[in-house]
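What follows is a group of structures, each given as structure tokens.
Next, two complexes with chain A in common: one pairs it with chain B, the other with chain C.
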Partner chain A sequence: MKPTSAPSPRFTRLMANPSSGAIFLLVILIVVMSVAFPNFFTAINASNVSNQMVFVLLLAIGMTVVLITGGIDLSVGSVMGLSAGVGAYLITGGAPLILGLVATMAAGAFLGLVNGLMITRLGLPDFIATLAMLGVARGALFLWTGGIPIIGYMLPEYYVISGLAQPFGFITVPILIAIVAVVIVAVVLKYTSYGRHAYGLGSNPHAAVLSGVPVARVKVIAYMISGLMAGVAGMIMAGRNTTVAPTMGLGYEVAAIAAAIIGGAALGGGRGTAFGAVIGALVLSLTANAINIAGVSSSWQQIVTGGVLLLAVLFDRMSSLIRARSVRLTMRLAHA
Partner chain B sequence: MSASENISEPKKSGVSRRSLLTSMGLGAGVIATTGLLSACTTVASTGSGATGGGVAAGSIGGSSYDAEIKKLVAGRELQIGWTPPILSEFFKQMESAAFGRMAELEAAYGVKWKWERSSPTGNFDAVEQQISTVRGWTTRKFDAVLVCTGANFATMQDVYQEASASGTAVFQFNQPVEIYAPEQISTVSNIGYDNRWQSGYLAGKFIADTLGGKGTVIQIMGPSGSDWTKARLIGFAKAMEENPGMKVLGTADGGYVREKGLNAAQDLLTRFRDVNAIYGENEDMALGALQAVDAAGLKSWDGKEGIVIVGADGLISGMDSIAAGKLTATIDVGSVDQGRTFIDTIFQNVVLGESVGKFINVPTRVVTKKNVAAAQAYINNALQPSKTY
Partner chain C sequence: MSVRERLTQVVAIDGLPVAAGLVLATVFFTMTSPFFLTQENIANLLTQSIFIIILAAGMTFVLIVGGFDLSVGAATGLSAATTMLVLMNDGPLPLAVLVGVGTGMIFGIINGFVIAVMEINAFIVTLATLSIGAGALQVLTNSTQLTGVASPAFAWLTKGSILGIPSGVVITLIIVAVLEWVLLFTTFGRRVFAVGTNPRAAFLAGVSVRRLTFSVYLLSGTIAGLAGVLLASHLNSVQPGLGQGYELSAIAAAVLGGVSLAGGRGSVWRAVIGALFLATMAQGLQLIGVDPLWFSIVTGASIVIAVAFDRAVQKWVIKQLAAATRKRDVPAETDDLSSVSPAVPSTSGTRSSVRNTI
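What follows is the complex of A and B.
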């Protein structure tokens, strides 16, 4: 057991983790809130926050995959709403619950597929294609429902699936679904050739093409994952809200992108992890929760969220400077 | 008690207040039409139908009167634009009610309607779309536009003045005009209700009365800065002031949507353990709060104990919840009466050239399990207009 030498590698490794800025902020937030408000650090509040963060988390996971490949998905909020509408409509019309749930997820994945094909086949920029989907999916839901929320699909099992009924105590079905999604995406990104291709494509598209990465397929699959996650989020939110309003999921794309970035994903591509998405979603949800518990004006929520985003990215900048310096130092030492 | 003087007792007097309402909206010189239109509204609300004998539904003017009005209308076609801030259950109820009234007037007097609806597909803050919509309708020389918007007050007055100058009559509906100086409002008429005394105050008073004047409340409000929120809070605060035993523990922003209302209620219920009542400033947020109460294993009000949850809007989905004994009450702010009344007002002003009141408030009511069936029936009837436009 030799003591590690001075500028400890553990410190360098910690700083090199793109989520460490967010984790740092998270710890401060939790400590301050726990000291100031006795009801904050409680099992019930932990359960509340976990259930509240599921939607942003699921969307942020999908967003992270898309960001890794160098894309961006602006349509997730609308896709979430439209998918939920499909499932709710089917169940209201008498379809079995399971069919409705599968249809919700399939609708999300399908809309993601359309996004992917618009980008790879028609050559549209990611931003434009998904912006168009944001508008089309939302407009379709408005037209289809005529502005009237869909109701009448809340079978007893749906209460369990949405976490409104909690037969297993604090651990609700949505939390379990989110955990499963995080684990699967983490494994795919870390251990499969798809993951390697995705990171490769995002870090250097030209090199990826030259080294034989099936670029179109990697992109399409990334958007399908994002769409699927939006579908799953829609499925859970339809249950939690007990109605599908045509405005469901409005604005969630902003939260999803913010969570992914706070969690260390880069808009330029090539970086991000499922774990980072968890941290990012946790930061956003805990901020909202803290503001309600502290009784602060909700206008602060937007300011704080913006500030946190800025701090997390600044922290990341700093750590990449440190990383770059340590690389230079190592190289200089090697040359000496 | 100046506040309560402004409040009409909801349960007693459907007929007399409706007549009062219509006469408020009309000058003294047009008594004949006043009688006619108020009768129509009353008949529709009580559902007793026409008086028979070849006279149009709801008419008490008599067949020769109808014929004279028909001559004055001369088959005129009216192009109307209607822009609510968002497409929702509430505004759908209102639009259906308007269609019903349009069909009645068309049958009785031969007035023809062309209806155009435009609503932002974003959230209710997405106001630029509405501004350009109204400008577009002005350019197309619409006869009348009906606006309800979250847009900045001063901006809208400019838009309205442009419209009036080019011959389009501007009406607002469901707009919290009461918090602005009347002389600054550039519309022909504003059909709605007073958010302070006909919504916020009623909710506060209901909660206080139900709890016997003593208890704790948490508030789930709309986006801070919204005019509706401002106005309703004035009334709610007044009711709390009149009941010193009532204490508002905390407030959170529920953004007028269910999901945020649920989250806000969950967080406030975590912070404050001893909550007797929740005021959801609209119904979606109140229903979200109800889910938070359920999920936390707490009980909603059963007539003796539990948490009193009150919303505001008057939606069929909220009334279903009241009927099922879950939501305690809601303030029905007259989606149906607003829809019918703004059509009447346009008919009186634009077609017949009569003067109308600048502020026309429809009746609102506290809907509880006791009177929910009537309120539901009234809306359900309006949801099936004989003709859509």
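What follows is the complex of A and C.
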């Protein structure tokens, strides 16, 4: 058999890096936008984008952890809304701010726990459990608020926490929170046994069970992380919007999944990084920003998010085909 | 796969629990509210539930094949919008219906192509098309007011009556009957079950898994288009967000009726019973004074309960079968449906990966 031209090792490595496509896309996006619109590459716009991307970024980090374990969390948008409602309600009722914020995050983590238990204890498929949670949490928020937005919880400190007030200049509190979250999740994934268990579970669930990975616990914790991130995002969004509308966070699960997948997380599990989620969220937010700057109606936003998600999975599929092909070629050459 | 065969036989009573539930709910609401079992209320209930019934019938095919379609709600909403758009621009009624159904078909074609040919997870693909469809509806309704078509023929589609039965219900009955016939008595239907039960075996038996998967999504999209046309006729106006959450109800209806999420099991009438059960609950709860906002919670919870119940029954059946096997033969390893299903090896080239289950 005549060995066909082998791909250069550098090319293979580049294609094997799941985030390389996203980074490439990002660079193209930035270059095109900077050339087309002079007010794109400015400090103010950069600050706008980074303040806007916090929500998708937080959700995408949590989603990445869930995707790594081989699951999926459809409920993040609804969980975000419901936990924001819990916090806002408490603060309106006179609870101290800190209690309200902690309750918001705890509500998110709790709903994540429920997701995890439905999946591990009841044996529901991941997407069914979280799809049900999507409906239930959204319904609960509607029912509870009676369709009327919650208002009157905006204490002065909340303006700072949500980034509406910017005492430290460009770096707002939400951006700091997001950075901390990225670093923590990155460290957990890379340097702790939990991280290794998560990757192991996602790559080969059967092997993970056989090698003694506490599979159920790893899964539940992944969903709790995702819920917690949704809670944090809800906390920031409640402050940013100054009201908790019953539709808060609607459709955010699409953006979160898209960002995670663009960032190199695989639907089949076992792949993904916190850094990739940042890239993915950046791509999505810059696209949204581009739409905005180009003066296109924001109604197009949802279409574009869906389109980007579709393109991302297509690209992911293509690159994994290329990867498989180059692996086959390398093996054939090694045998030759 | 004798275990699977036996299993299918044993669990063939699927749909009975929800049918019993439907009867019980009807009796309960008849006793608690004098208005429940009136002709007007029943006609009302049926007319309101036809959209979910139709969508659930289409969803049944997708679920049996082992797939998933989240985009049906958005496709319904967008089809309703395009139908209205044609009628408002004085297009003829047949053209409007064609455009509406065609809109749904486009969803089906995109979903089917990406899922069957590109072999990408059905779940993500239809989530993406959901987003695109809902966004497109938003864009359409933002620029124009989609309302008020004075076409008696169009209104008749749902508001007329045939032999005293609302015409929308009659049309739905016809759609359901045709779909059930296709599923049970045609080659296509047999293949749907074959692929859902074991895609690899189906492939080896000469079924083009790829083509079949594509057709099933095309069917689901087309059905969603039909539902959209009827919905436009029913409401005579289209708002942004129309159809949102219909996918949840359709899936809940099918799952309640015992259509298996793992594929290979289900039938159209069961999904219809599931949809009727949900509609009866919604209407009945409202009649006895429960906030209609509870409905989304009831739908979500019923999915969880139905799937957990289905799983428990399957587990029990497998245990029984294993026990029976053990009695007969030498001690045998039991098939265990423990929490982790072994991953489907993603060897490129095998068609089995078409079936993107979890």
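Note that the second predicted complex is superposed on the first by the 282 of 336 C-alpha atoms of A that agree within 3 Å, B and C clash if a C-alpha of one lies under 4 Å from a C-alpha of the other, contacts with A are read in each partner's own complex, and residues count from 1 in each chain.
In the analysis below, a residue touches a chain if its C-beta (ideal position, glycine included) is under 8 Å from a C-beta of that chain, and two chains touch if they have at least 3 such contacts.
Because the structure is a prediction, the values reported are computed rather than measured.
Asks: Looking at A:237, would you say it contacts chain B, chain C, both, or neither? Reply first, second, both or neither.
Replies: First partner only.
Asks: Spot which of chain B and chain C makes contact with more residues of chain A, would you?
Replies: C
Asks: Looking at the overlay, does A:326 come into contact with chain B only (first), chain C only (second), both, or neither?
Replies: neither
Asks: Of the two partner chains, chain B (first) and chain C (second), which one does A:34 touch, if any: first, second, both, or neither?
Replies: In the superposition, A:34 contacts neither chain B nor chain C.
Asks: Is A:147 touching the first partner chain B, the second partner chain C, both, or neither of them?
Replies: both
Asks: Counting only touches as set out at the top, which of chain B and chain C does A:261 meet: first, second, both, neither?
Replies: second
Asks: Is A:299 touching anything from chain B or chain C once the two structures are fitted on A? First, second, both or neither.
Replies: In the superposed model, A:299 contacts both chain B and chain C.
Asks: According to the stated criteria, A:251 is in contact with first (chain B), second (chain C), both, or neither; which is it?
Replies: Once the two structures are laid over each other on A, A:251 reaches both partners.
Asks: Mind working out whether A:139 is in touch with chain B, chain C, both or neither, as first, second, both or neither?
Replies: both
Asks: So in the superposed three-chain picture, is A:42 touching just chain B, just chain C, both, or none of them (first/second/both/neither)?
Replies: first
Asks: Show which residues of chain A both chain B and chain C reach, each in its own complex.
Replies: 135, 138-139, 142, 146-147, 251, 297, 299, 301
Asks: In the complex of these two chains, what residues of chain A are touching chain C?
Replies: Touch residues, chain A against chain C: 70, 72, 74, 118, 120, 122-129, 131-136, 138-140, 142-143, 146-147, 204-206, 208-209, 215-216, 251, 253-254, 257-258, 261, 267-269, 297, 299-307, 309-310, 313-314, 317, 321, 324.
Asks: Give the list of chain A residues in touch with chain B in this complex.
Replies: Chain A residues touching chain B: 37, 39-40, 42, 44-45, 48, 52, 55, 135, 138-139, 142, 146-149, 151, 163-164, 166, 237, 240-243, 245-248, 250-251, 288-289, 292-293, 295, 297-299, 301.
Asks: Where on chain C does chain A make contact in their complex?
Replies: 68, 114, 118-121, 123-125, 127-136, 138-139, 142, 245, 248, 251, 255, 261, 291, 293-297, 299-301, 303-304, 307-308, 311, 337, 339-343, 346, 348, 357-358
Asks: Where on chain B does chain A make contact in their complex?
Replies: 86-89, 91-92, 119, 121-123, 223-225, 250-253, 257-259, 262-264, 266-268, 270-271, 273, 284, 287-288, 291, 294-296, 317
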